[in-house]
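Order of writing sets the labels: A, B, C, D, E and F. Residues in every chain begin at 1.
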């Protein structure tokens, strides 16, 4: 017989596999991030008290669906390993993240040769999270951008009555036609629009610039009502204010805002490990402030961080920036509780 | 509308795309390898005279089917770009490869999100080659090892009456069960055996060593009759003699020997760009001699080179070794003509 | 006999060699940059209709003339290979570069051991371009900065009546004495002044900063009338406004402005592949805006991009920035047509 | 208050800290190495049944004591992370390591600024292992070579009546005077001789070559009776036979043979991550065979692997070779049980 | 016998060793930095006329005391080797550093296995400098941040009557308790406060940000009166103005300001070679301006640059930034003379 | 005025520049190689007693003459910096190199833009060495292979009556026509033959293999009488015996044998820093033995080591192999004295 989980009987849902390793949590007073985030104990017969859990981390190690070769599938583990470089205390905001209880669920189970199974598992993992612990905030670590379509579809399946909006920080529209290559990392937003999951007008893209989107994609954005503010415009108004206004406009009409951060929104010098990062992109301080603002907006109810290939990284700069994005968001999120 | 070939009307078969670039062939007297190998001219209304073509090169840029992340899909182009570092003249053997006419057909068209389409295209590309120009020798540049199953199945489909044997130079058995992950790069030989394409007893694996195969795979090899000689044994007898004897045994019973070279057979210091290369593997001079011997064996009628990830390479050592494998084989092949 | 071009009979001028490879141009609707820029077809008996050609690209693969070892000679090909990462559509400016017809002429033929031959060929290549197609804009990809002197001298030889001005974006003056080392990459501007090709007062250098120029060079600049604005000053006024004013001052007195971009003007974190890039240099968004402004100025009639060594690059950041410089310039240039 | 172990009450001895992470052990049938080796469960109230434990792994993350800067302190974790690339089955020897029960104890606690405390802890950790579970084989992962002196001294303290011999595979004598720099990584063997822990005549060094030892060290070796066979001599006799004879000579006179493998014995192309590896060193197949022979010798009762800096490694080649050394040794060790 | 200096008889103090190499100083008119800075001639029987010496450079190659593995011990030599990339002339400030006489004293002698000896030597080296040439400005190149405590203690020992203030440019407080690990690179400021060398209120830290300090350290800073301005605040006010105000406040109460620059204050994209640099840190132009301002403040009487690991650097960017920090400071310093 | 040597008045000949740095020679008893080799003291008014000098080291930092971009010009300094990793004592041969007096003369002065000046200076430097100290052995560190032609021509000019033979360890013939590119690194042997400096029959090339020489070059070798033994043949006979026989054949007819070692003779895994190293090349132990044999042959009277680009190196493996080549040769050389 083949592979078998020796402990899956009490794992919360069968689509998940535990993280491949767990940190030994030895520091109780002032933990580093890896000592603070708990790993779901799949050997315990007692499930966690979900009502006390603020956030779940979910790894989505899929990058077979990338147009160009990517090892973003190795990112969830790279992010986990880099937690140890960060404290839980945000000095500038005077926020201690330990007010939040965060549990790492592990990864969505992937299939090696059938990407549609991968995509189905990802969607079902979101459905399961919304079913088992609907009051926790799901924070997903990709993987490539194709996962966003599946995750939002999962949310919609769990909450069919909700109107969902998207705040996208990205160098690209991700509005390519699914006819070309299927649901790849170039298509998630179009996928969501064409499947009726999200209305074009409920999408806000901030960060577009330069020569990285075909003209027809912009035309599709116009036809379908997708909102976008280029990086140059955003800098003119102020990136923070731009994000605030976009969130406000979305919050006025949707029930749930899903935040998706494509790490290639960063300038290539800042995010060399994002395979499609470009010269002329966002600075890290701009991105950290943007996601912190989103974190504090109560209507933002799910988030993913995608398209970070740790194998291509230089000096771990992009992986550490990815962790910082996650922590900056949680800083805003922690403020919701106060 | 989407993508469209502006010249595909006269391309030999619709499963192929031309190589992304072509070398300018400026040297007529003493070409480098990139000046000698011709690129199929898809704009010409006259097809090549296939009766004059000895060898076709076919890129198979698929590595989504790898168990671990791999950019072996970028290898066909990396190999093409490295041709310029080699002359056509093998000094030690006094063989000039220009006695052979070699045409680069380009790559098998791949699908971004449906690996079964990729695999079908690969199989059909082999069928097409066997149909359109059955007297040319097909030399495939992968991609990962999953492609071998598809290529051999294509051969079998084109020549159902033939008995096919396999000479495999590899650190691994590639006999994993397809039930676990589908037709990944861990399964090609088992795939061929279980589908009835090749008999276990018609497979010879040379190069196994160390701690890189589960015990159950060895037991499967025994049950299914797969022949193997570990690297240590091969060195005792002499690698060259081992290869000669394996070829002889195969030639005595099969119609066609398919040679598959997994670049991870090389020691990790020699082949750092093969994602699964290991300490304790083969030296490059051993491998070059082995494939040259295979090249001179008339029963060897097709070949592939797989599992070389140029992104992971160091100092281009593995890519250059990959080119050398191809040229060493062709040196043996050229001797068939003399 | 030695090397021979098998197709040079109809190549436009004997000083050129075709690019070593050509992209297969398969996409007709929405090309990537490598599918849009045409390669001169040297096998065609009919030359292009030069009146329809807006821009020619010319590689100048010379870096033997660098003071310190440099592989900037490999840059023209590196730039060509990186075109595929860019679309032709500038989203922020709503400019589609396909309104321009751009032809890649290939490279100026170089000599391995006689740098004076290289320099002569470069000058003559410019003369030939000005003679054969005087209405196309020549955009040169170096190579090191020594080529600028030769290219401007070629322009002057073809248009002896013109007064030529230079807009230089650079961390260095490039005013070293030719007596020390001959016409190296430290000397082009002084070379042009001392040869009487350009007046010192018709040179504007923007980007100087830090500890990267000897005091005597500044004194030479003062004596010879060379204008310069340091990076700190430029930022105070606004880099864009500084460039506009410099162009205006030049346009008031010269016939032709030649734009030369030394990639080492970029900060070392942004342009690690420019051998002499430094801490404290320009940001990429500043540089892209500067060249776009220059592109839209009708008096700017030629351009080069120099001192980019792709072997030293990190994560391809500098090569991609180099392509972006070229495309940002062409964005401005395209506006001239509207 | 400061740091505190939340689970140390039942950890076997206070000098240890658990490994920073533990692998999730999910595969029960055919484990990879990281799924086979157990991590000591410090939260369990029941200690393991030591009589059933064959081998303990102990990390010794000290490299502050290196003469030149080294990050060999990161090696124990690097080795642990690389276990996943290996199966437990040695194909060539037909040995399945799962016949052995192996427990990873974690690391010896280190001090940041007091190296003498580090050294004391290392010695005491060995004493504790010999006291708590004297029938398990201790396999230590360094760290730099200074640890060997402390480990052997610990053994001697636990077994004062024993005569201890050393088989050293190394490019260096490690016989430098302690007067120069204290007990650094250049001194362990001299330290043991001068402290009376081991007699010079009971030391066998195999692997010396080239220009990497001062003449005075050779003279010291002669004076103190240290045995050595240079790599050239060993190859003449056969490396395997040389090792066998050395083990035999030692076994005839000592009670315990301690095997110490300095990874810099490997050629620099094979072991680039060993800071002091050199051109002209050992091949990996020679080293693997040597340690397997030592593994099968019953008198060999402890082992360490030192001087591997994973930060300097290339393509993980040295770390993987380090794991292979450990597994090759255990292959020999497993044969003792049969 | 062991090592012996063949020239130490006339070296100024026994704690120093000459730099391992000296530049040949061949250019007399317009030197590069390595041709301008003199190396103490230890073979001369005549000592330098210290009254003419403005600045001494002192290497402090200690990084064994780092919490995580670091090769900052190799930084003094890396800085020396990079001097050749810089002229002595600051174009933007029109300052020629050759108005200053600067002598490189070499390095403080270190011990391999006894960090307390290293620390004692560092302290004594400062005492010796203050004794032998009290009117020269000491500029120290670390090494890790633990050295700052020793250097300031040395100053205090030489000038017990002085009140010393500290301007710290750093991402971290460096206020960890010495009880945990001894005087490591996490503790220098606390070490100085708790030893009574410096009052908490006389410390100014500029550059803190993000998730890189435990909350308890901030609380300690508050309790002990340490002043700090986070990077976000500093940018709001202007980094230059913030530095000026901090210097003013210190100058109003202390006799001597010691400037310590931890290179990890830089953003990780700008300072990848600082082991603890982070995303969200300072830009190089901000840092260069800050230290230049400090250089011009007469109360600043000593300086160090620490925590730069050249082995981890990318494209030499951080080492070059380190040299620029030194030269920017000296630019300010040179203005004191005018 | 321009550059000026402040100490050249007593430098032995005006074509040389001192090495850019000199090691501080602090160890008198058991020096490392950098402490043993002396640097010519150009400030001394007394020249060395040349009769006591056995060997001079001369750097020849020219690589502008390479066909493809190379930074071999940085090799002399890289070799000098790597001396510190080696002792002077060859353990296996029991030879202490300190019996030899070796002086580093510095580098041949190069010109930035006139390669013919570089070549002339190289030739004249050899003439000067033969004139000023004809009894010392000149050991040259390149630079690319073009320098060999100039060095041998210089020898011939100094000793016109001598018949000179060449032992070449190389993957290439270096017999390309000078008509193509002038005296590049592909031509030195042909240059010497066609200029009448050396007879073809007096050249022995050992190490050729694979696909790295055009067929016409082999034909030229045959026509001109150049002797060669491919690597495969040499291994059959034994590399050592092959070298001995070649030396014997040369010694029987020539007065002086010049040994030239092109580092690209090494396999690419062993010599990644030799730009043209290839898969299938020589092992380092083979090369070290070959040059040691040559070192002991009294007729070998000059040597160079060329084509090593330290910028392309991996883990310093090639640079360290280059130093080992030099020391292995000197080991043989030292035996001449005994």
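By our rule, contacts are C-beta pairs under 8 Å (C-beta built on N, C-alpha and C of every residue); 3 or more make two chains touch, one makes a residue touch a chain.
In UniProt terms, the chains line up like this: A, B, C, D, E, F = Formiminoglutamase.
Just so it is clear, the structure is predicted and the values come from calculations on it, not from any experiment.
Contact count check for A-D and C-E (C-beta pairs in contact): higher for C-E. Of all chains, the one whose CA centroid is most distant from that of chain C is D. The distance from the centre of chain C to the centre of chain D, with each centre set as the mean of the Cα atoms, comes to 58 Å. The geometric centre of chain A is 39 Å away from that of chain B, both derived from CA atoms. Averaging C-alpha coordinates per chain places the centre of chain E 43 Å away from that of chain F. Across the assembly, chain A contributes 3, 29, 269, 312, 314 as residues in contact with two or more other chains. Remark: the chains found to touch one another pair up as A-B, A-C, A-D, A-E, B-C, B-D, B-F, C-E, C-F, D-E, D-F, E-F. In the complex of the two chains, the chain D residues touching chain F come out as 208-216, 218, 230-233, 267-269, 272, 278-280, 312, 314. Of all residues in chain E, those touching chain F in their complex are 1-7, 17-29, 84. Against chain C, the residues of chain E that register as touching in their complex are 29-30, 33, 85-92, 96, 269-270, 284-285, 288, 314-317, 320-321, 324, 327. The part of chain D that touches chain E in the complex is made up of residues 2-3, 63-67, 69-71, 73-74, 111-116, 146, 177, 179-184, 311-312.
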